[in-house]
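The same chain A turns up in both complexes below, where it pairs with chain B and then with chain C.
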Partner chain A sequence: MRTPRRLFGYRNASLAAGGSKAGAVARITIRQQMAYKTDFIMRASFLLMILYVFVQLWSAAYDGDHARIINGYTLKQIIWYLVFTEAITMGVPALCGIIENEVKSGDIAVRLIRPLSYVGYHYAAYLAEAVFRFFVHLAVGSAIAWLCVGPPTFGMGWAGLFSLTFGAITVAFVLNMIVALCAFWVEETRGMEFVLHKLQFTVGGMLLPLDLMPEPLRRICVWLPFQAMLYFPARTAVNIDAAPIAEQFAIQAVWILLLGALVMWMYKRGVSRLHVNGG
Partner chain B sequence: MSTEANAWEESGPASSWISRCAGTMSFLLTCWKVNLAAAMEYRMSFFLMAGMMFINNFMWLFFWSLFFGRFQVVNGWELNDVMMLWAVTAGGFGWSNMLFGNFTRIAPIVSSGQLDVYLSQPKPVLLHVLASRMSLTAVGDFVFGLVVYALAGNHSLTGLLLFLLGLLISGTLFIGVITLAGCLAFFIGNADGLAQQMFNSFVALSSYPSDIFKGMAKTLLFTLIPAGMISYIPIGLLRGIEYDFAWKAAAATLVFGMAAMLAFKLGLKRYASGNAITLRG
Partner chain C sequence: MIALQTQALRKVFTVKRKDAGLAGSFRSLLKPRWEEKVAVRSIDLTVQRGEMVAFLGPNGAGKSTTIKMLTGILHPSSGEARVLGCTPWREREKLAFRIGAVFGQKSQLWYHLPPIDTFDLISRIYELKRSDYHARRDDLIERFELGPYLHTPVRKLSLGERMRCEIAVSFLHRPQLLFLDEPTIGLDVVVKQRIRELIRELNREEGTTVFLTSHDAGDMEELCARAVVIHHGGILLDAPVDRLKREVLNRKLISLTLAAGSDASMLPPLSGTEVIASDSRRLKLAVDLAVTEIETVLSAVIGALRLEDVTVEDPPMEEIITHIYGTGG
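Up next, the complex of A and B:
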């Protein structure tokens, strides 16, 4: 007969084993990322170009006036806000393509026989890649923003950015995973991924902080998960005094729980109807 | 052989040139017909991809409408101008990618040795390569361009002709500049990443109002990276013809088109076939 103590012992050992496997997946993913230096340079140069365009656009909108405040944002805050949203967006790996290819090619069979949760495996790999890429893009973006609008004197805003970015990347994971798991039912998920990205760009606040949007649209955005991915960390970083930090953490946690439950439900339903030939 | 020589003597070089042009035109029409038939084979995927691109472009307009909702005029540009910018850019990119869809893939075609199949056929190589593919998403771009023109454009005959001229300039510039970037593969080997980067940057730069740029950046956009020649069309051509801009845009289109053809011709002399066996799908 198993005692509760032994039961907890098994549970702890199982969690530790799962954690160590996830850690190994994360390490391998980072090594893989380090191998594609050219790819990184290309992405970084594109980010530089895009941010340069944004600096020009917003400088024109503000008439080059660094002291002007529009809906709580100075030109400097807007540019740094865009650096943070771009760093998160470009940090997020293309999960849908990976899972769609695994399902189509049958490679998913290899993943399913491994002693590691399928969703957990992808989360570990995703998190490692996203965090790594986020910091690279943040460094590149910071260079151009620093040159154009001055240093990021945001004090505790940085702590807000880093702490909310973890939740933001996780929200992005569950959103992308929901679309990616549709590959169990439909052949092509790229279209849905496309729409998801566009929602992040607009109602997620990637290109324009929600504070600058019309009031009716802002009211709708509040009820959507996209703000938790980009708007929360970037707004908190540039304007920590105006950001309800505890509320933002709570909203992120609620979305992660809700969407995470949906991911697990979809995975269980999807994998039970999967027939793999080859792989 | 002797019959051909006699025909040449009888009809003269002008007639021969006309018949060659007619032959090439008929070849192009066949290419486009086959490309369309291939796209229609996967009809659902075709409409899905085209529809997604339409939505993508629409989302950008949504962003611009929010932006101009906050700032009514930015350096002389209004929402209507940006809408026409997207009509010209997406429309031009759309038709060029529908009819000459391989211009975005010159670098991978060259670096992977897939040119062999075109070299072995008695047709102009560059034209053949370009017309051998139709981009599915480009249909969405082209339709988007027309829809935005219908919504925000000048519907008089002059307005329509100027819009069509804008489409011609933007599409031809896209083909010229991006083909030129792809030709780098002849000279530096694996240029896929670099060509892709230049493609992305050129498309991105051509979709922002040219007047937000100043100084050196603006000069570059109207010379070496002629994205400004596309992005200024709503102001320099559609709002009212600025003849100074119009002839410069036409000249840039011609120069980049010729440069692309020359680079491809020079590149072909350096091209070394691999041993890959390729077939056209």
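Up next, the complex of A and C:
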């Protein structure tokens, strides 16, 4: 990935200028998000429903026994794990659809006339929207989990959750950006996006912590980037003592560097063959 | 000093060809066929700093594609271009600080937020000093009379109000060269006129070079000293607007809607005026400005008929192009 100065465009050759641009994009994105009240209510209602169903399912799996431990997780830890993974998953914007629409409608022209990196702009907007929505969904999810399985007494686990969530959202961004940038070559990216999301749900550990998966599948998952997006922050939050924190940060950083380099390479190739539609 | 210069600038798109119907879609899936579409054939052009140039042509002539290459959005298939000393597609971000662009059919304003938020974002993106930004913003608000709706969400603004905001935002960072792609499209006559006045004012006071595309001949007549007409991706005519007015834009069209009880046959024959369409309620006249003045014709019309509505228009761009072809450019 480029340095922040290069990522967000430059003139005064200072990190402050890049930071100021990213901050401005983030602020306006959050302000725009506040206009979508109905969307928030719909998503929050859906989250409540999902969590209620999973609370019932896991309660049945644990026979309602709050003291029972399955592969290192109590019922309370599993439910809170779900709250954290759902808050991240439902928080991240539908980047593929956004980029595909920009390419199809030709609105990408408005982005490219600015002294601002196209990828950098979308990263700032993605991060702002994801963090904002993450906290909203976390509040909604926490309410139901608290009522069903008790308060989240995770101590330093919260610090682990918040610090790893930043890397998790960045990993989600680069993964989604790779698929989104395919819109520069192909007409539809929705099929690829569908596969990507299903991989996040399964081998990313959204529904089930990787520790509860069969050993052969778990061995495959540790070599994939998806665990860095959901499993790392949620597992660390509910079970910080068992989480190799430094290793998780390192794995996130490696994936961000590798996938970020791929994003920049794809963007450079794709933008040179762009066909901007309409007037 | 040269603001922009192009040499044999060309853009060819590869587009997928699909036959009609379901069978055609299946065939396209199994054996896709691609064909080349020449959007810009070859453009050689030089624009001096401070000039206001109209880049005209009918839909699909290659106007917008040329602008997108000159702003660095599109990479050309071949040819060269220098804009304010930069190669646009290689130095896009560097050039972006010095140019501005308005795409009439695309909004740069945030839809759910008031225009003031977009002003603030743009000031950060162009790295404007806070004090400079506030002074410049207040000046533009006053000139463009944006005060009453600066805090209204963009979605609630009329097209004319929105376009005034779009153009004001594009002037915020004092661009040396402004690309205006159909800035008056869809606007009514009064708003068009106001926007033209503002662009002219900023060109005069700040020396901003303006490169304007339009298929509205009025934009060219009122703003520019030079017109470049393109057709099928190549330059058809590059001439002073005065010459074009004299030789090509010497016709106006008057559309009349008659009031109830008024009879079109009451209109006496007028020299240099031809009735090109008529029915019981409507009348369309073509006026040859070399023979008579528009005011003379309008006075005669108002004296003879009772009217509900009058519109005076330039001939459509397609007609102008045909005329240029007919006279050999």
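What we mean here is this: the second predicted complex is superposed on the first by the 263 of 279 C-alpha atoms of A that agree within 3 Å, B and C clash if a C-alpha of one lies under 4 Å from a C-alpha of the other, contacts with A are read in each partner's own complex, and residues count from 1 in each chain.
Assume a contact is a pair of C-beta atoms (placed from the backbone, for glycine too) under 8 Å apart; a residue touches a chain by one contact, two chains touch by 3 or more.
Quick caveat, the model's predicted, so the values are computed rather than measured.
Chemist: Quick check on the superposed pair: does A:Gly106 touch chain B, chain C, both, or neither? Answer first, second, both or neither.
Modeler: The second partner, chain C, only.
Chemist: Contact-wise, after the overlay, does A:Phe194 reach chain B, chain C, both or neither (first, second, both, neither)?
Modeler: So A:Phe194 only meets chain B here.
Chemist: Would you sort A:Met156 into first (chain B), second (chain C), both or neither based on which partner it touches?
Modeler: Neither partner.
Chemist: Touching A:Leu147 in the superposition: chain B (first), chain C (second), both, neither?
Modeler: A:Leu147 contacts neither chain B nor chain C.
Chemist: Return first, second, both or neither, reflecting whether A:Val254 touches chain B, chain C, both chains, or no partner chain.
Modeler: The answer is neither, since A:Val254 touches no partner chain.
Chemist: By the touch definition at the top of the document, which applies to A:Ile69: first (chain B), second (chain C), both, or neither?
Modeler: A:Ile69: touches no partner chain.
Chemist: Which part of chain A faces chain C closely enough to touch in the complex?
Modeler: 9-12, 17, 20-21, 23-25, 28, 31-32, 35-36, 105-110, 112-117, 271-276, 278-279
Chemist: Tell me, which parts of chain A touch chain B in their complex?
Modeler: Of all residues in chain A, those touching chain B are 38-39, 42, 45-46, 49-50, 52-53, 56-57, 59-61, 70-71, 188, 190-191, 194-195, 198, 201-202, 207-208, 212-214, 217.
Chemist: Give every residue of chain C touching chain A within the complex, in rising order.
Modeler: Touching chain A: residues 13, 15, 64, 68, 71-75, 89, 92-94, 96-97, 99-101, 103-108, 110-113, 117-118, 120-121, 124-127, 153, 181-182 of chain C.
Chemist: Would you mind writing out the residues of chain B in touch with chain A in their complex?
Modeler: Listed in rising order, the residues of chain B that touch chain A are 45, 48-49, 51-52, 55-56, 59, 62-63, 66-67, 69-71, 74-75, 193-194, 196-197, 200-201, 204-205, 208-209, 211-214, 217.
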